[in-house]
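Two complexes follow with chain A in common, the first pairing it with chain B and the second with chain C.
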Partner chain A sequence: MTAAVSVRELSRTFRRGRRSAAVQALRGVSLSIEPGETLGVVGESGCGKSTLARLIARLDEPTTGTIEILGDDVTHMHGQELRQLRRSVQMVFQDPYASLNPRRRVGTAVEEVLKVHKLADSPAARTERVDELLGLVGLDPGLASRYPTELSGGQRQRVGIARALAIEPSIVIFDESVSSLDVSVQAEIINLMVALREQLDLTYVFISHDLGVVRHIADRIAVMYVGSIQELGTWRQVSDDPVHPYTRALLSAVPHMRLDDQAGPQETPVLGEIPNPADPPSGCAFHPRCPHATALCSEERPALRAVADRLVACHLAAEIVEQ
Partner chain B sequence: MTAGPVLRLEGLTASISGGGEVRHLIQGVTLDIEPGEKVGFVGESGSGKSITMLSIMGLLPPNVAVTSGSAVIAGVELAGLAERDYQRIRGSRLAMVYQDPMSALNPVMRIGAQIAEGLRAHGAEGPQADETVRRVLGDVGIPDPQRIAKSYPHQLSGGMRQRVMIAMALAMEPELIIFDEPTTALDVTIQAQILTLVRELHAAKNTAIVWVTHDLALVSNLVDRIVVMYGGRIVEQGPVVDVLTSPRHRYTAALLSAFPERHSQVRDRLAQIPGGPPSLDEIQTGCPFRTRCVHAIESCDAMPAVEAGEPSHSYSCWVPIKVAS
Partner chain C sequence: MSAPQSLMRRLAASPSAVAGGIIVALHLVAMLVAVVGITPYPPAEQHPESRLQGPSGAFLLGTDQFGRDVLSRVLDGVRLSLQVSIVAVAIAAVIGSTVGLAAGFFGRRFDSVTMRVADVFFAFPAILLALAIVTALGPGWRNTAIAIAVVYTPIFARVARGPVLSLRTREYVEAAEGLGFHPARILVVHILPNVAAAIIVQVSLALSWAILTESSLSFLGLGAQPPQASLGLMISDSRVLAATAWWNFAAPAVVVAALVIGFNMFGDGLRDALDPTRENR
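Moving on to the complex of A and B:
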């Protein structure tokens, strides 16, 4: 079976002028996503998760490495070819306030996508398709004549999803798409995403800093730190039985609802700051904050290797599993 | 005056006026905060939690004002207090740590000078102020306070800037510190560090804390008591574990079930709350949650009284969830 998405040794370096240091936003990421699968990508600021999303959507071009979408090499596509690729891969952004033109009616915003991609030839057909798309995301077609400011945050995010689905992509990338929503609205949008995935056979890349949300929706989870994948496994492996010390640190930092009077021993949070991607630590990027770090960790960058049925980039992974 | 609550809110109501109309943003907010107590204010956007805090701080926007009720801190009535008198209270009795330190700090002033400025405004002399600056920066776990005092805000990370804000709040040893979503913009490992810091500072100084957040899980690990706000009202409040395990108000229960469960092995559809947050018009009378509540009855058109449940657990609901006895 051809992978929906396959990236190999993907790197992206940004330069802000000759004097300033190059920022390695992504440092050799390889992964593949099967059709119909949802890959969750979690990590903190500067881990490269959004850069990875933008590269898969080809909103950006990698410095080195390759990107294949449904078997086609799209790494350096441009022009007409790239427009064709957009038919397969769509992205939904974090801020529905920022991604909709405030002076354009909701219906027009969705119709615009159909026009750009020449998907319905008559105005009547377009209007019909707009109604259908709004219905698909659970919005009353009557909302088509409203302006974005007249909608709630949840409704606006639904419009964002309708726009992404307008051209019937097979892959949808959600970049922090539920992060700015209130919990009650977030639940509603997550339920919608899950329902649409089944209904339309979609492949998802779900980027978030919130492990709780990713755990709910992803089949597999990739944990990123300072530009590379630290651990990649099924949602259960990564979120319930992590191996990499960073995944463990991340997990123990996520607050759990306290349901009994025993506050329990407070876990000591991982110390130190997240490194600046312009000046990453030598060896394993996590070694300065890692409680297990040895001399090797500061010298050699660990490769992503199979440990306990998942992939882990840690020199000490095997020993950690044995403990 | 040492006995009695640090802060007493009674029927606090703040309203917005415009176009000849006066509409309430928060109504009848009543609550005592005891010395050394840690209280979490929880609510979604528009619940009134921030307006409540700004009312206490005397920092409401120009078209919003406290229209009735009272807020008393250390024997001083804050409602209607003149700005000059308020300035004496802010910082010394009452301090606030904001969500975004970058907009709360002056970008062109060194960290040390900013902290000292507040101290001097409250009467500290030069060398004494500098000494306090170094001490409070050390207290919040900032390595090398001398160097950081000479830095500008942009030279620090988000986590460090938030530590500076906490140092500023601590500088005059107020009775109460309000934390308004102080970790929302931080990464989770840094958030955990700030939580640990606040816990340690509380253990050392016993300052009363109000922590405002939309994250129930986060606040449950810090505070003694949770106050749930919705549509400008306190709908339920009580000891953390009571409220989280046996909520009485329908909104609290709905909110709790909408969280993605972090331990569950099955991933069912998440519980949704039908409809959206109420409009300003919808919350003027009656229970603010009635338009989204599947249990609403006719009585809900009038605001329910505050019912006392178990000791110190109270709620305002006509059709509360019954506790299994």
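Moving on to the complex of A and C:
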């Protein structure tokens, strides 16, 4: 079966002006996502997860590497071809306050998508489809005549989802799409996403800094740190039985609510700061903060290897598993 | 409530916009009177028997050294001033805004080249640049309008470019791109309406500067040519008579000042009324 998304050795380097140092936002990321699957991507801010999302959505072009969507190489598409690709891949943005044009009514915003892609034959059919889409994301079709400023954050994010779904894509990328919402609203939106995934056979890429949120929706989780994947496995493996010291540290930062006072794997919280991506540490990027680091870790960058049924980029993975 | 209605409401609440609007409207009426040709006398008609007369029932604002009616000449001067300024500003606004929008949206080399060219224009004082262009093109109201248009085009390019730069990195513009909208659609439907306010305000302010520039050029004898009635020319011709026949000097001077201040105040009021931070739907 063709993968929905397949990226190989993806790198993206940002350069501000000629003299300043290049920032390697993404350093050789490879992964593939099967149709119908949801891949969660987690990591601290600046780890390159949003860059990865923007590259898969082709809102940005990689410096090196390839991106395949449904078997087609889309790495360097542009113009009309790229606009056609948008029919398959859609993105829902982080900030529901900024991702809608404040001057356009909700209905107009959704209808515009149908108009541009000629997805309904008549104005009447368009209006009907707009109502249908608003209903699909759990909004009262009566809200179509409102301006975005009159809606709550959760409602706006639903409009963002309705706009993305208007195109009938097969892949939807959520870039921190629930991060700016209240916890209760987050849960509602995630339930909506799960329901839509079943109903419309969608493939999701779900980007978040919050592992606690990601494990509710993802089939597999990729943990990123300073531009590369550290651990990639099923949500159960990654969230209940992590191997990489960074994943463990990240998990210990997720608040737990258990009566037996037995939080997940105990690990000391991460010390120190996230390294400057313009000047990443030698070897394993995590070694300056890692409690297990050895001399090898500062010299050689660990490859992503299969350890305990998942992929881990750590020289000491095998020893950690044995413990 | 529709956007134009609420804009009118906010304009009406601004004393500066109301005062400026009234002044501008009065001058537009004056222009209309001259265009229709119902000035008290033909502006160039001489009455040798009544030269340099003070204001009277027959000549409301008196007469000049050739016995021409000052009121009629002021009305016609307003017409010429507004005609030149409106044509000039229209050209500058259309060309300048288009260049600015494109520069901000497409960026890169086109942006750097156009903005450096604009810098070169900015390096010259407006009046000096206009003077040079009129000297090269020759006098006449069309050439004056072209000169003024050239001088103010870079300002519109700058005014349009700024908001585009910040808008194109806005998430909703990126979202439009992600939804597969054509760049032309994004520029016209999603960016232009947000830049329009700044351009409209600039039009009002540019009109006030254009009137000043036009008057200065005629004052220096490079704009309208006699016997045409022009506010700048009238001031220039009568300045030696200021002590003896002050009405000759005062009438056009007051009108130029009123026009410039009127457009300025209206522009300021418009800016406040269109300010998105004060927007509440």
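Quick note on the criterion: the second predicted complex is superposed on the first by the 312 of 323 C-alpha atoms of A that agree within 3 Å, B and C clash if a C-alpha of one lies under 4 Å from a C-alpha of the other, contacts with A are read in each partner's own complex, and residues count from 1 in each chain.
In this text, a residue touches a chain if its C-beta (ideal position, glycine included) is under 8 Å from a C-beta of that chain, and two chains touch if they have at least 3 such contacts.
These numbers were taken from a predicted model, which means no experiment stands behind them.
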Quick check on the superposition: with chain A as the shared anchor, is it clash or fit for chain B versus chain C?
fit
Classify the contacts of A:Asp201 with the two partner chains as first (chain B alone), second (chain C alone), both, or neither.
neither
Taking the C-alpha centre of chain A as the vertex, compute the angle to the C-alpha centres of chain B and chain C, in steps of 10 degrees.
80
Considering only touches as defined above, state whether A:Val213 meets chain B (first), chain C (second), both or neither.
first
Pick one for A:Ile274: touches chain B only (first), chain C only (second), both, or neither.
first
More chain A residues touched by chain B or by chain C?
B
Name the contact category of A:Ala253: first (chain B only), second (chain C only), both, or neither.
first
Considering only the touch criterion stated at the top, classify A:Glu168 as touching first (chain B), second (chain C), both, or neither.
neither
Could you look at A:Phe93 and tell me whether it touches chain B, chain C, both or neither (first, second, both, neither)?
second
Once both structures are aligned on chain A, how many angstrom separate the closest C-alpha atoms of chain B and chain C?
15
Considering each complex separately, which residues of chain A are in contact with chain B in the first and with chain C in the second?
none
Where on chain A is chain C touching in the complex?
57, 59, 82-87, 90-91, 93-95, 98-103, 112-113, 116-117, 147, 149-150, 160, 163-164, 167
For chain C, which residues count as touching chain A in their complex?
170-172, 174-182, 185, 189-190, 193-194, 281
Which stretch or stretches of chain A touch chain B in the complex?
44-45, 152-155, 182-188, 190-191, 194, 209, 211-213, 215-217, 236, 249-250, 252-261, 263, 266-271, 273-274
Quick one: which bits of chain B touch chain A in the complex? Just the residue numbers, please.
44-45, 157, 159-160, 187-193, 195-196, 199, 214-218, 220-221, 240-241, 244-245, 254-255, 258-263, 265, 267, 269-273, 276-277
